[in-house]
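The structures considered in this document are given below.
One chain, subunit A, appears in both complexes that follow, with subunit B as partner in the first and subunit C in the second.
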Partner chain A sequence: MSELIFEKSRSGRRAFAQAPTADDDLGIPKQFLREDRPGLPEASELQVVRHYTRLSQKNFSIDTQFYPLGSCTMKYNPRACNSLALLPEFAGRHPLGPVRFGQGFMKCMHELQQMLKEVTGMVKVSLTPMAGAQGELAGVAMIKAYHDSRGDTERTEIIVPDAAHGTNPATANMCGCVVKEIPTLSDGDVDIEALKGVLGPKTAGIMLTNPSTLGVFERHIKDIADMVHEAGGLLYYDGANLNAILGKVRPGDMDFDVIHMNLHKTFSTPHGGGGPGSGAVGVNKRLLPFIPVPVVKETEVDGETVYDWATEDDFPQTIGRLSGFMGNAGVLLRAYVYMRMVGRDGMEKVAEYATLNANYLMARLRDAGFELAFPNRRASHEFIITLKHEAKDYHLTAMDVAKALLDHNYHAPTTYFPLLVPECLLIEPTETESKETLDNFVAAMIDIVTQAKEQGVQFKEAPYKMPVRRLDDVKAARELDLRYAPE
Partner chain B sequence: MSELPGDLLYTNDHEWLRRESDGSVTVGITEHAATALGDLVYVELPEVGQDVDAGGDMAVVESVKAASDVYAPVGGNVSAVNEELADEPEKINADPYGDGWIVRLTVGDIDEGELMSPDAYQQLLDELDD
Partner chain C sequence: MPFIPHTEKDTREMLEAIGADSIEELFDEIPKELRIEHLYGVPEALSEMQITRLMRERAHQDGSPQCYIGAGAYEHHIPAAVWDIATRGEFYSAYTPYQAEASQGTLQTIYEYQTMITALTGLDVSNASLYDGASGLAEAALMAVRANRRVKTGLVLLAPGVNPVYEKVAHAITGGQGLTFEWLPQDATTGNVAFDQLPEGKNPVAVVMQQPSFPGTLEDVDRLTDWAHAEGAFAIGIANPVSLALMKAPGQWGEQGADIACGEGQPLGVPLSSGGPYYGYMTCKQKHVRQMPGRIVGRTTDLDGNPGFALTLQAREQHIRRTKATSNICTNQGLMVTASTIYMSLLGVDGIAHVARRSHANTARLVDGLCEIDGIERLYDGPYFHEVALKFDRPVAPVLDAVADRNIIGGYDLTDHAGTDALLICATETKTEADIDACIGAFKGAMGK
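Here is the complex of A and B:
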């Protein structure tokens, strides 16, 4: 393990670039200035550069390795999105400055709302949720607010298929709802009979991901939507897998009432490491009054188009605000640039290539002898293989394969999720990978299993070549140690 | 996997229960469930004195892979919980039918129709294996 930057600290050492000068007098009254130095590390510029460059070299990232992490859509973020979002006119804009000085930014945000609205088939989009989980929270809060506004306060049950992301039941719980789990059929579709069994006067809504985390498109979505609506419930669309249907099918046309989008997945903004993310939400007419604020509105003043914030005054029934202001501006700008670059036709190509790559990889792995969890279904943008036979016959578990892949310089696919498939890997190549990368990944998979079968290698201690070997995740979870305490 | 204890009853959710001599019922999860979850890192226990409905969730077991509800196989009142699991959740992995017990319930009459004999549960496990 390498030293922490704090451990490199030596009293009095400075980086010239950061040294304060007389010009740095910010005019802060003396009584508000601190007397002690903050407990920051003291290091030279070169030490800092080396420290963080080394750390970044240890990192597995989409910039350095294939990253087929299922249901996470780890696609490449084009550099242009970054550089345009960093234009000084954007970066230097103060969020509380008068809107008349930030009309360019406001126009971009308005166009982003419009584009997201169009690609999802919703009526209005709010960009305020700061991450996917917050988008979910906003969505279910709106469903609750809708029922409450009609005096329909008995509707407290949220239906969630067992294939769902864990965040779905967690969100329902956070909103004070009771979770009703329904099973999935062996072909990957929702069990309609089980759904009928739980629908009733207590149903607030259903949370669905389509295509699901099983990597298949829910074929009975229209029936499900009709049944839930007939029972008085609403439909929530988890946008985790939106990438697969971009420009092809719209959640609004599937009759969803509310949707959250992970801009960091589908629209190529920075992803992982805890943010900053963006979980923009879209609503249909029913839920429009409850949309979180602020949202950008287009108005006309003296014949000129002016962009301004729509707030509680415009949406008195809003579920309220989700953050100090309006979401992560820099992330939203990157998504805006991405959508403008890709365009309407490009969006469709994104979905096509994501699906083609997934199906190609799935077919190659199947032909190499890997067992598919849903062999009779075409993959959407991701698919599942199960290593239950390899685990039983050769003691090669999904975790062992995942760790062994690191030594081949591939980030592991999602492991042990969804929970209903034993010893599974959930693999999502995304549209930005070449055929050669996919072929090389297949070769690595074959190599790992062949070594296990023919030479009895179990990879129990893999990875062997990484800076950090197999972590004791059980010990880490049981004995949490998260804080660095300086001497 | 070792043989199933013959003196227990089992559920579809991979839980077991034992009738104690004082008429109460002890509940835990089966070895199959513990192995499928992997090393447990946290167990959330109910309050003693709490009423639980048959089929309702009464505890949570969490591993590095997943968190899973433990359902009450029969309705009753929680008379004891295995406090030791708070510090040593791994007891469930090490001894699922003994030291790894989770909850003890005071119950009325039990409808055994919903529960499985060791043979029936073994059959369920065999089917899962295929």
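Here is the complex of A and C:
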């Protein structure tokens, strides 16, 4: 570990260029003021710059390593998206500023709404949810509001496949719904018979990811949609894997009623070390009245187009507001720039080459002896290998391979998710990686397994080349140390 | 094909390895009747040069008016180093630090952030951040319901100074779990809680208060915190983190301190950017840490016994607990927290205190100047930090329009909220005396003086 910034702190040291002059006279009575001095670091500008630059160098990132983290779509984040979203006028615009000083920004947002409608096949898009999980919350809340508005208040059950992201059941629970989990068949498709068994008068809806978290396209989606709709339920599309089908097939055409998109995945906005995300939602006609606000609307004033906010006045049945203002505007600008740069043809290529890369990597790993979780299926933009034999025969677990890969300078794939495949790695290469990178990754995978098989090498203590060795998670949870406390 | 590296030769060789004739064949599991031909509604691609020109034109169209709105988002100078470093690829294009050994940069930064924000708020533990201040209140209310187990009412009482949008957001997010929000009575003179009219026997699970309040007043948070505790409720404090360099921290309010603090982290180094991305901070007393939503970073040791950092207490979170998780939240606002941590390190407590003092002084100058104009007076009595509500003798909207003609955004129209013609104004350290005098002049002109 590097020294903490607090340990570099010296009383009286300052980055003097950064502090404005201040009056001594403070018109605030003493009862409101604090007597202590909160312990922030006292450092020079160079010390701070050096400290955080060095810390950054301890991260793996897309810009520095192949990052095949399944389900996260770690593709290249174009630099122009960032620099244009941070143009001073955009960065400095106050969210409550009058629309006369925001027409340029709002035009971008309106066009973004239109493009997202087009790529998803929905009727209307709201950009306000600030992350995928918040988009899910908006979606389930809309489904509930729809049933409630029809006096159908007994519909409280949300159906979720066992392979779903954890956010699906957690969201349903947050919306006051009861979760009904259904199993997956061995070919990766949803168990239709099990679905029939749980559908009924209490069904509010189903949450599905398609392609699913198992990396395969749900082939019976039309039948599922018909069954759920016939039972009076609605369909929620989790857009985590939208990258795989961009320009090929649209959730709206699959009969989904509401969807969320992860703009930080499909539309390449930064993952930022864990956020910000952005979880725009799209709805069909049925759910339109309940859409979260605000939404950008196009109006005409004296023959000219003027962009304005559609609010509770325009959508009196809205589920309401999810953020203090309009959501993660700066992320939305980055997504807008990305979509305009990729354009219509490019967007179709995204899904094509993401799928090509995944199927190529899957074929290469299969040929190298790795076991596929779904050997008879096409990969979507990601796929799963299981290391259950390697774990049993050579004590080489998914965790060991993940850590060993770090020493080969690759970020690990997603491990132990989905939960129903033992010792699994969920691998998503994305379309922006070259064939050479994929080939080198295969070589690293072969090297790790060969060492385990032929030389009996154990990777229980890997990684060796990282800034730290394998960390003690149990100690972290038992002896909580969540902030620096000077001796 | 922007950002796709494949040559024709690559594609051919890859298809061969797969055993497919074409890329199209890879989509053969998708039912034909669902397929679309083209995304006709998406425009043709622009080159980087073309999109740069387009975005510059649109940015130019929006301009850079002088802005005197606060109302939950505040303009502060952001040192150049903050976003220079935060947008380094290693921070910008990394993801959640699930592989701790390859993410020590992000993890240590969050640990340092947790240390700084607990110091400012005077509480014991912090998470790695939430989406924004408004949604942070929703999470704080849900957390109070989990942690304050004796109270089953699900009733959350709000001081009148709580940002009204926060109430809307909290309601939208928690409504499904049966939480209800009620406003405490307001004293018309001070704008603060009317202590002589506080309700009895409501058995609230939490009482929420905001300092400085939404209309800029200073609430007697000590007394209100004590009242909340006497009622068996949690005290939830919302505070502007810049003010905390000077003002009493939520953890210091009343006899026992607030139980949970939350709020908008944006003032600490995050650009206004039309409302986001920002981040919500949340801190609490040690004993409630297991009810905290969101990611938390802890310091531990590695196999060699050396210190290092990792996500901890993950058993609270959705990817482990699923239905029983403390929240459905998955991401934090990592990039914003990185920026904020660099901001706090660069300014230090004295620098932030200077920002706070300068902002207070600038607002005082603006308020004094505007109140000399006939027809403008303060809406509420009492001290303030850097934001003040003003009462007008006429509708505010046309006045703001006229001021805007001079390229000045004169404040936030508070009329709907206050129920009378009113304006909420804020002048931070970014304004000079000349700026403020020009703003006062614009109001004079607009008011016909």
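A few points about this structure:
FYI, the second predicted complex is superposed on the first by the 456 of 487 C-alpha atoms of A that agree within 3 Å, B and C clash if a C-alpha of one lies under 4 Å from a C-alpha of the other, contacts with A are read in each partner's own complex, and residues count from 1 in each chain.
As a convention for this text, contacts are C-beta pairs under 8 Å (C-beta built on N, C-alpha and C of every residue); 3 or more make two chains touch, one makes a residue touch a chain.
Everything numeric in this text was worked out from a predicted model, so none of it was measured.
Using the contact criterion defined above for the overlaid structures, shared-chain residue A:254 touches subunit C, although it does not reach subunit B. By the document's definition of touching, of the two partners only subunit C reaches A:411; subunit B does not.
In the superposed model, A:309 lies in contact with neither subunit B nor subunit C. Applying the stated contact rule after C-alpha superposition, one finds that A:473 touches each of subunit B and subunit C.
Touch counts on subunit A: comparing subunit C and subunit B, the chain ahead is C. For the contact definition in use here, the residues of subunit A common to its subunit B contact set and its subunit C contact set are 166, 473, 477.
If you check the complex, the residues on subunit A that touch subunit B are 166, 416, 419, 422, 473-474, 477-478. Contact residues on subunit B toward subunit A in their complex (touch as defined above): 36, 39, 41-42, 64-67, 89-90.
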